[in-house]
């Protein structure tokens, strides 16, 4: 193998700054998208678990739509197509007036995509709560909204922490797709370093190490949360 | 914005169809390769050989921690270097996908193998079968039947993931649609068309997975 | 009379033999060996370097450079005495064309690459077959005519290109407040301009003329700005492939000498309104070296 090793290149200016900016961008995009995904996904999941046929159809369609189109194409649709379909003024604002259009678009696209996956998990979590709970809650005179808020959701969330951890980790990985619309996140920066210095091994190893560190941090954090909120007793352990 | 122009899509249909063929072919090869590799890894992880099992676990956790785009870049860069000669994007991408999917399929298969009732393992070994024979003749058929819906779902995810070869400019369906969209100045038509095709195919795949899982439930 | 004809025939025959045997005698370069082994030549093409190398509506490579390289393939086939030579078209872009030529995946990249000293560290260039310059494409009603008019506005630049480096250095040197939007290729840059995502797109002027000609409403766009550079195009070839490079340059030389090059130029460039300029005609004369 004909390769000239040079690990020092990672610590030279400007490559070190590029790495730092890439890591910051990945973290920012992922966390921002996660807040959208968690909020919206929970809402949709709750509505999807309700009995009403019309509501289930609407939420089911949302989930189906966002799960059956590749995330890459979704980002392209938001970035290239949506501004063309909107009325001229709105479209122009999206393309010019919006600060950092590619970053905002990436966050929205990633957030909505992940929201559909979170919705599925939340709905499954609510369904996994023993039926006796909702019946008892209703029998005690709680309204539907109160039953959800005080009885079902707290239990459902604890059940759903493990799969949600997986979704949280996935969002960090999926944030790399934003590089296709011009967001200079971690993978994009290391690819830049590779094309400038030809030290691909070093550059990609740096990215790999960071992603693994993120994975480790997320899993550890979630284990801690899981342990602290788990419900004692056999019934609730999924 | 001028009106929706279908003729662009019709003109480019052969080019797009070729891209779709590549996407589907890539999915098929990665699925088969990934399943075989995943099976080997799953069996190793459940075996008695602690060191090998640990290495296998490292492999799986490693590939599951990193984005697929990074894996694609890695192999695009690494394969020609290791082989000492130029390698086209297609071969690098195939290797990348098989190794990546191997990690994911191994998790599904490992769960499937573990879910087979312990009584089956014990009865098989009591009957005198070796570890490998047990796996091959008793445990695996049951595990595969159980995991079929999940494997199909993973296949649908894989089909969507093939769109990422865009980053190495391999002419799959997504890249081909993007090329026509950009060169013919018809982004709306092409991307909407691409979305419809992906949606149709993935929904069909998910429906198949649904059928498989409900068939199984009915059988019990 | 008979003697003279015989004499000429003898000279012609020995020249042909000499050419073939010369090729055989020196055939030790990597590209020639590879072509002989594969019985195929890998030619790089671009998505949207109009009119040099681009994809038509059916997705097939076409263009002025593509045309010229088909002739190169014919020369190679004759020189190597191959009964058949397949042409494999390999898509390349701004990011991978140099690595792909340098590592041998592509034998010759036939598009619109500008010859620079920096690039010559990794690849070799053929004789120049076109001269261009960095200018800007803008919407006609924008009233922009120079880089300075773009203060507070945005410009799209193709990554890894000569115009990108040039404009970035001017922006930094003069501290101009211009937002730079990197784009992967020329079609993306044109799209960014046509959808009003940016106010200007800069690359080689001839490519801008080409892009404009393919637009649904060419009159909406204008190529403006004083020429910021003098760039000569060459085909990219792997380094240290002197035999192959001489075959490529020989093809260009023969086409230039018998006026065929000017004719091919006309078929591609007249339709977009760029007739053969005096400086390009001189370039053709310069590369048209005798046998």
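Annotations for the structure displayed:
Each chain carries a letter (A, B and C) given by its place in the written order, and its residues are counted from 1.
Everything that follows uses one rule, which is that a contact is a pair of C-beta atoms (placed from the backbone, for glycine too) under 8 Å apart; a residue touches a chain by one contact, two chains touch by 3 or more.
The shown structure was predicted, so the numbers you read here are calculated from the model rather than taken from an experiment.
Centroid analysis (C-alpha atoms only) places C farthest from subunit A.
Compare each chain's C-alpha centroid with the centroid of every protein C-alpha atom shown, and the nearest one belongs to B. Interface comparison, B-C versus A-C: the pair with the greater number of contacting C-beta pairs is B-C. If you average the CA atoms of subunit A and of subunit B, the two centres end up 21 Å from each other.
Centroids of subunit B and subunit C (each the mean of its C-alpha atoms) stand 39 Å apart.
Mean C-alpha positions place subunit A and subunit C at a centre distance of 44 Å.
In subunit C, the positions touching at least two other chains are 191, 195. Of all residues in subunit A, those touching 2 or more other chains are 80, 84, listed in ascending order.
Counting only residues that touch two or more partner chains, subunit B has 187.
The residues of subunit A lying in touch with subunit B in their complex are 1-3, 64-65, 67-73, 76-77, 80-81, 84-85, 169, 173-177, 179-180, 187, 190-191, 194, 200-201, 204, 207-208, 211-212, 214-216. Across the interface of their complex, subunit C is touched by residues 80, 83-84, 92, 95-96, 101, 182, 195 of subunit A.
Residue ranges of subunit B in contact with subunit A, taken from their complex: 1, 61-62, 64-70, 73-74, 77-78, 81-82, 84, 156, 160-161, 163-164, 166-167, 174, 178, 181, 187-188, 191-192, 194-195, 198-199, 202-203, 206.
Contact residues on subunit C toward subunit B in their complex (touch as defined above): 47-48, 54-55, 57-59, 90-91, 93, 96, 100, 103-105, 185, 187-188, 190-191, 194-195, 214-216. Subunit B contributes residues 2, 8, 11-12, 14-16, 18, 80, 85-88, 168-169, 171, 176, 179-180, 182-185, 187 to its touches with subunit C in the complex.
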